[in-house]
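Chains here go by letter, A, B and C, matching the order in which they are written, and residues are numbered from 1 within each.
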Amino acid sequence: MSDNGNEIKFELREMDLFYDGFKALEDVDLDIECRNITAIIGPSGCGKSSALRCLNRMNDLVDGARVEGTVNLDGENIYRKNYNVVELRKRVGMVFQKPNPFPKSIYENVTFGPRLFGIRDRETLEGIVEESLRKAALWSEVEGKLKTSALALSGGQQQRLCIARVLAVSPEVILLDEPCSALDPIATQRIEDLLSELKETYTIVIVTHNMQQAARLSDYTAFFMIEEQGDPGKIVEFGPTNTIFTNPDDERTERYITGRFG
Amino acid sequence: MKMDLDTDMDVEVESPPLDEEEKAVGGRSDVERRMRERIERTERRAAICDRIATVVIWGLALFGLGILAFIIGTILVRGLTTALTPGFVFGKPEAIREGGGIWPMIVSSFYLALLTIAIAIPLGVGAAIYMAEFAREGWVTRVVRFGADSLSTVPSVVFGIFGMVLFVIYFGLGYSLLAGALTLALLNLPMVMRTTEEALKAVPCSYREASMGLGATRWETVKKVLLPSAMPGITTGAVLTIGRIVGESAAVIYTVGIFIRKVPTSPLSPAAPMAANIWHTYTEGALVSDWMRVANGEAAFLLLVVLVLNLLARLAANRFQKRLGAVK
Amino acid sequence: MQGAIGREWIVKKVLFVLAMMTVLGIVLIIFFVAKESVPALTDVGLGNLFSSTWQPKTGQYGILVFITGTLATTAGGLILGAPLAIGSAIFLTQMAPRRARSIVTRGVELLAGVPSIVLGWLGFTVMVPWIRDLTNSPGTGVLAASILLGIMIIPTITTIAIDALEAVPKSHQEASLAMGATRWQTIRRVQVPAAKSGLLVAIILGMGRAIGETMAVALVIGPASSFPSSLTSPTHTLTTKILIEMGESTGVQRSALFVMGLVLLLIAMALIITIRLVSRERKVAAR
């Protein structure tokens, strides 16, 4: 339980991330609350995407990547030996910086996950597709052309399709890695609206380089930074978004935020 | 062997406690539960499949390595223990008595390789320069590429009978190093072209711009800037090509020859490269009682040469990469 | 300045001529092999050539046995070698930890360097006796040849398959894994389908390699010019028949050997064109 009584989903304690000998993150402490949006901000290269990828162990794909410390999901360390990573990634979905739909139809994209888990029944699948696309605010735009290639959609639509694809797996947490960086302002707005709705049901963690976005959208904000080139990234400050943006404790946070806000 | 079976393939799939899940779906019917059971079953099966596939794929790769180790080990050990002595390596071949050596064959192999390279490098590098620096994409490049692709798919024995007809008979070169070198130059042309083109493409564009910006013509740029930078890459390709020439026999047997007793002296001499001579030893084997020993030794020596050449090519490639790395 | 431009023009023309040598080469090969096959094609006739009895003494020049031999050994080689090669490519691109990857990569390079005559010699001295003892048969034949071909085509297929698998955007793999797919599900449902045409090209090139291979097969397949009674009894392929008889044949018989060469050339051309079609399809699909 956090101070305000909300359940804690993720609990990071003294987490370090190494790429071979290089320390990319140091001593990360973070509590991520259920059904809230937590934003991770910071200058580029500070390790904010790496930190996000620690939460569903996508860093496992990188040769030589190693995590030390604790990352608890519902009180269980996801880095303990024999932890079921496949199950973890089902519970913790991820949306990437660049929309990455499979070169298949819209329908096949959304049903990819459910099919993995053995759901073949057409009615069930169709139900999942409609529900996921509705939740991702894409249904009205693609209804009736589900069989067309996902690559024919616009960038913003593709990104919402990727969100729908994640929703179809019914995750508990959704991680978003700068999901709007490749999108225009209107598409960005739609995604932001969508996330505000989704947080009623899901725990959301979003990495963004856009501070207005973090300020508008999130309940909590973590500010990451590196001291100098080659140093590990660290959390400078973490707290309610309001506090971080109006009355930060740390001078560096203040400088970063005001510098950007002008 | 450490099997990196990762942690992501737990066979025991943990499922959330039943009652909580049921609360979530409002304690609804059997259908929900059966569906969930099915999903769990599928997941378990997927985890097992994943583990099996991992073991199988690891097994395939290790099996392949095992075969390779067996091939190289057997050939080398057998050759080294039964045949490879200085007297054998530097000795004179025997046609009917035992105790023959393979020195003329070794000389033949290298003579043929150098002669071939001397023809193939100017041809291949020139063609590659044209393709990479001068040609505009169009019918010319398409036709040239089609030609190169075709050449690299033609079986080497067909090169052999072609070389026999054109160079040995029609040009009157007879069975000779030169006839073989011309044939093999054509056989290896696509490879020389490809490695050179890759080496040229790896030279940063900024070099070209810098040189042409100073008013150099394209050819001056190629000569003074691109070729020197691409040289290690071209060298690597050349060394690998030498390895291929030394190992080639089907295209050599009917153009160069398969048995000689004297070291070949001129490009017009008939010769007997090691690879072709192994074929001779196999077919005419019974003539000398120790033919197995000769072939074993020759195979081992040939393999050693090829392995050393591969090592050299790798060293050259590494130096090349380091140099390019330093540029960045 | 004028001189520099003039020189540039000459250089360009010279390089153009060098580049056209590939074309000249393939044209000359086709021309001379075809020219030498003319006597057999006209005097013997297609009916005789494409029959199944090779008996030059009685004027029978049927090459069907050898075509069959080539097809059978190639099929055998692919059945044995392709799974290993594709498996290795999947291993190298998807599974191998760094050290294993560099060892296996080195291994594939080494295997590509092993001269085929050396492999053939090993097959003749080690493998054929094994097969002979195990099956109580002559030991040479399609099985022995298939095993050697299976080994020989691994480097070709693996190298191209690696390129094909690496060309699949990493984002597809990430998307699939992030949804809770296992690694194998990701390989099977995302990466292999996306690399399909590249893998097909790899297999076709491996096939070309197997059809054209001569020496490794020559030492373990013969000698017989008839259909084999089993997988472990002697026969011949197009390449090995050419190799064995070219030295001691004249006239129509020699010409018939060139017809076999022509058949090999036609197969090679067909493979090249197939690859072009497959690759074009891939480019269109990517658009």
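Assume a contact is a pair of C-beta atoms (placed from the backbone, for glycine too) under 8 Å apart; a residue touches a chain by one contact, two chains touch by 3 or more.
Just so we're clear, the structure is a prediction, and the values are computed from it rather than from any experiment.
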Chains most often in contact, by C-beta pairs: B-C
Taking each chain's C-alpha mean as its centre, the one farthest from chain B: A
Indicate the whole-number Å distance between the mean C-alpha point of chain A and the mean C-alpha point of chain C. 48
In whole angstrom, how far does the Cα centroid of chain B sit from the Cα centroid of chain C? 14
How many angstrom lie between the centres of chain A and chain B, each centre taken as the mean Cα position? 46
Mind pulling the residue numbers of chain B that touch at least two other chains? 6, 8-9, 46-47, 50
Residue ranges of chain A touching at least 2 other chains are 86-87, 116-117
Considering chain C alone, which of its residues make contact with at least two other chains? 97, 182, 185
Under the definition above, what is the set of chain B residues touching chain C in their complex? 4, 6, 8-9, 46-47, 49-50, 53-54, 56-58, 60-61, 63-65, 67-68, 71-72, 74-75, 122-123, 126-127, 129-131, 134-135, 140, 143-144, 146-151, 153-162, 164-166, 186, 189-190, 193, 217-220, 243, 246-250, 253-254, 275-276, 278-279, 282, 292, 295-296, 299, 302-303, 306-307, 309-310, 314
Mind pulling up the chain A residues that touch chain B in the complex? 57, 60, 81-87, 116-119, 124
Which residues of chain B touch chain A in the complex? 6-10, 13-14, 35, 38-39, 41-43, 45-47, 50
Residue numbers on chain C that touch chain A, as the complex places them: 97-98, 169, 171-182, 185, 189-190, 194, 285
Chain C contacts chain B in the complex at 4-5, 7-8, 11-12, 14-16, 18-26, 28-29, 32-33, 35-36, 83-84, 87-88, 90-92, 95-97, 100, 103-104, 107-111, 113-119, 121-122, 124-126, 151, 154, 182-185, 187-188, 205, 208, 211-215, 218-219, 239, 242-243, 246-247, 257-258, 261, 264-265, 268-269, 271-272, 275
